[in-house]
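Below: one structure in structure tokens.
When the chains are written out, they are named A, B, C, D, E and F in that same order, and each has its own residue count from 1.
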Amino acid sequence: MATKKFMYVNRRAPYGTIYAWEALEVVLIGAAFEQDVSLAFVDDGVFQLMKGQDTSGIDMKNFSPTYSALGDYEVTKIYVEKESLEERGLTLDDLQHLVWEDEDDDWAEKDSIRLVSRAELAEVFAGQDVMFNF
Amino acid sequence: MATKKFMYVNRRAPYGTIYAWEALEVVLIGAAFEQDVSLAFVDDGVFQLMKGQDTSGIDMKNFSPTYSALGDYEVTKIYVEKESLEERGLTLDDLQHLVWEDEDDDWAEKDSIRLVSRAELAEVFAGQDVMFNF
Amino acid sequence: MSILHIVNKSPYERNSVERAVEYLRDGDRLLLIEDAVYAVIRGGKAASLIDGRNAAVLGPDLAARGIAEEKMIDGIEVVDYAGFVDLVEACDKTQSWL
Amino acid sequence: MSILHIVNKSPYERNSVERAVEYLRDGDRLLLIEDAVYAVIRGGKAASLIDGRNAAVLGPDLAARGIAEEKMIDGIEVVDYAGFVDLVEACDKTQSWL
Amino acid sequence: MKLTIQVNEGPYQHQASDSAYHFTKAALEKGHEVFRVFFYHDGVNNGTRLTTPPQDDRNIVARWSELAEQHDLDLVICVAAAQRRGIVDDGEAERNGKDATNIAPGFRISGLGQLIEGGIQSDRLVVFGD
Amino acid sequence: MKLTIQVNEGPYQHQASDSAYHFTKAALEKGHEVFRVFFYHDGVNNGTRLTTPPQDDRNIVARWSELAEQHDLDLVICVAAAQRRGIVDDGEAERNGKDATNIAPGFRISGLGQLIEGGIQSDRLVVFGD
């Protein structure tokens, strides 16, 4: 069976609800299936990637370091919607710097995050086979 | 112990979630406790009172007739927020006509619904002892 | 490849109808179910979001909420659950704006 | 009688911060917890909703979400859970904008 | 067409499970194949046999069980989500030292890979949630 | 001050139960009286002993049970909401013909009147939900 293009769409903030974390669990498990995987962070989903999360005061598991492991799982296409970021007063500097190592390019470290406009992301969506929503 | 002023605040549409129905169950049980009870319908809560609800196609219990029984439970102060109604393209004619019978006035039938502005309802809230939220 | 955009939340409470419409491309369809059906009420502020977008709405959810046909804006296709299935088949994939 | 208005939803997803602020009267307080704390981010569109309204925000929820003090608009009181309890005591009642 | 259905919310609180049920039933009646119904997040709570809904209301859990029996449906509850929420079958009870089970007939507990497989094997994935 | 706390959502899916727990704990530490914690809607799912959360995460149900034991807290689960969602104690199991129970230590199932009473008897009602 041919490889499918999987898009995981993340539109929720972390911690207030569990969707962000349980969505990430699907991505990690899904990585073993060797499909063509992308993640999109839209609306409050962009908050998932905020730097400096410290959950000790609410006694919940801080799962934000897991995003930086996505590169090791060969999840290297991470789309962040520009309009959502700007509306929230954020820039890419507020988000974690996610990278992956390209084995076809002498293990050069490359950026995983692709800052795209709403219109561009809609076009990316159009090219997918399956959309996952949480 | 003195009677308390209870305000039940309804801000959710019916059927999409159960909050509207389970809130109404609290009001019905609470009626036996002889407190000074009011209900407020704000935001999507105004949709709870829409006329002509027919749930046969979604196989859920149609609880909208229960609102018309509130008068019999001596729940006679039902505040509907004007701004919420207008924003949704509705008028009082779209809502059920809720009434109660005034035993101090020869059982005259009186309107239960009080159409109030946001500012007026804020003032009503200020006069309450306990706010119930669902 | 075409997308069936499914929205189930009231446009007066959340931003999902608005966002789904912004992601709608030529050939895509928009389906309003559950509390999202409130978007079709004529004279409601949210109606402008979906007006002219060839939206479909789930009839059983409309009826449950007491929204009669004459309360609706024009140009909305009313479907039942079988029609929902047909829309899923007609588009290449679905995107639920939860 | 004064009200502590408690909001727990992101102002970018739902209308509850906006509505709570509209119901805020002299002597009332506004407390942002859980995902509502995103309203305090300087430069965010929602910040104007709460600017100058003497809002309080739950510190543990801020920290969890990575919102450092320098990212916040001015005039926001940061409280811990004990401070949350104090606010409940200081007001005559609470209203949770769920 | 071959379908996988995902349900993200529990019974009664949200309409998601109702909508998913009516959609699934309509798809089956039209002769489509339902590869799997995957219950994730609070959706796992659809699989408890301990509910006793009011007499005048629908029985959401029993309705899924009956549909599964009639059409040989594969109703899969995510194990990780189920452990957090307390949905337990015999195997889980033994593994985690629980003194009772609550899983309803027709449901089985399995891993997240079952959802991914649904995405790969099916023509459409349709998600119902909050 | 005397407090009643209402919890409208289940464990893990929403932060409501976490926030309610930390608030309740802080109130007790300050010497306030907690008249009752009332679990309504999906909040009743906080009262199942069948959960097995991951080792590196908090155990929401056990945390409530422990707080109840330490402070003699009254943790009340609404019976009508519990019947819809499948939270069962011995009495409910017998009444509704269920073959298992899942209620956690320190919780009891009772009627909605317990919430109303909380509103009457307490100085403040604080509601945590979605």
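Criterion: a residue touches a chain if its C-beta (ideal position, glycine included) is under 8 Å from a C-beta of that chain, and two chains touch if they have at least 3 such contacts.
Everything numeric here is computed off the predicted structure, so don't read it as measured data.
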Check your understanding: Looking at the contacts, which chains touch subunit A and subunit B alike?
Key -> C, D, E, F
**Study point:** Shared chain contacts [subunit A and subunit D, defined touch]
**Key:** C, F
Revision key, fill the gap. If you tally C-beta contacts across B-E and across B-C, the winner is B-C
Review point. If every chain is reduced to the average of its C-alpha atoms, which one ends up farthest from subunit B?
Key: A
Practice item. State the superposition rotation angle between the two copies subunit C and subunit D, fitting on C-alpha atoms only and giving a multiple of 5 degrees from 0 to 180. Key: 180
Check your understanding: Any idea if subunit E and subunit F meet via the same residues, over half in common, or different ones?
Key -> same
Exercise for review: Return the chain whose centre of C-alpha atoms lies at maximal distance from the corresponding centre of subunit C.
Suggested key: F
Study note, to complete from the structure: Between subunit E and subunit F, the Cα-mean centres are separated in Å by 26
Check your understanding: From the C-alpha centre of subunit C to that of subunit F, how far is it in Å?
Key -> 37
**Study point:** Centroid spacing, where centroids are CA-atom means, of subunit A and subunit C in whole angstrom
**Key:** 27
Exercise for review: Could you list which residues of subunit E touch at least two other chains?
Suggested key: 8, 12-13, 15, 22, 41, 54, 80, 84, 125, 127, 129
Check your understanding: Multi-chain contacts in subunit D: which residues touch at least two other chains?
Key -> 8, 12-13, 15, 34-35, 60, 80, 93-94, 96, 98
**Study point:** Sites on subunit B at which at least two other chains make contact
**Key:** 15-19, 43, 58, 60, 130-131, 133-134
Check your understanding: When you check every pair of chains, which ones turn out to touch?
Key -> A-C, A-D, A-E, A-F, B-C, B-D, B-E, B-F, C-D, C-E, D-F, E-F
Review point. Of all residues in subunit D, which touch subunit B in the complex?
Key: 1-3, 15, 19, 22-23, 25, 93-98
**Study point:** Interfacial residue positions of subunit A with respect to subunit E in the complex
**Key:** 1, 4, 6, 18-19, 22, 25-26, 29-30, 32-33, 35, 130-134
Practice item. Could you please specify the touching residues of subunit D with respect to subunit F in the complex? Key: 6, 8, 33-35, 60, 80-82, 84-86, 88-89, 93-94, 96, 98
Review point. Contact residues on subunit E for subunit A in the complex?
Key: 6, 8, 40-41, 80-81, 84, 111-113, 115-117, 119-121, 125, 127, 129
Practice item. Enumerate the contact residues on subunit E facing subunit B in the complex. Key: 12-15, 18, 22, 54, 56-58
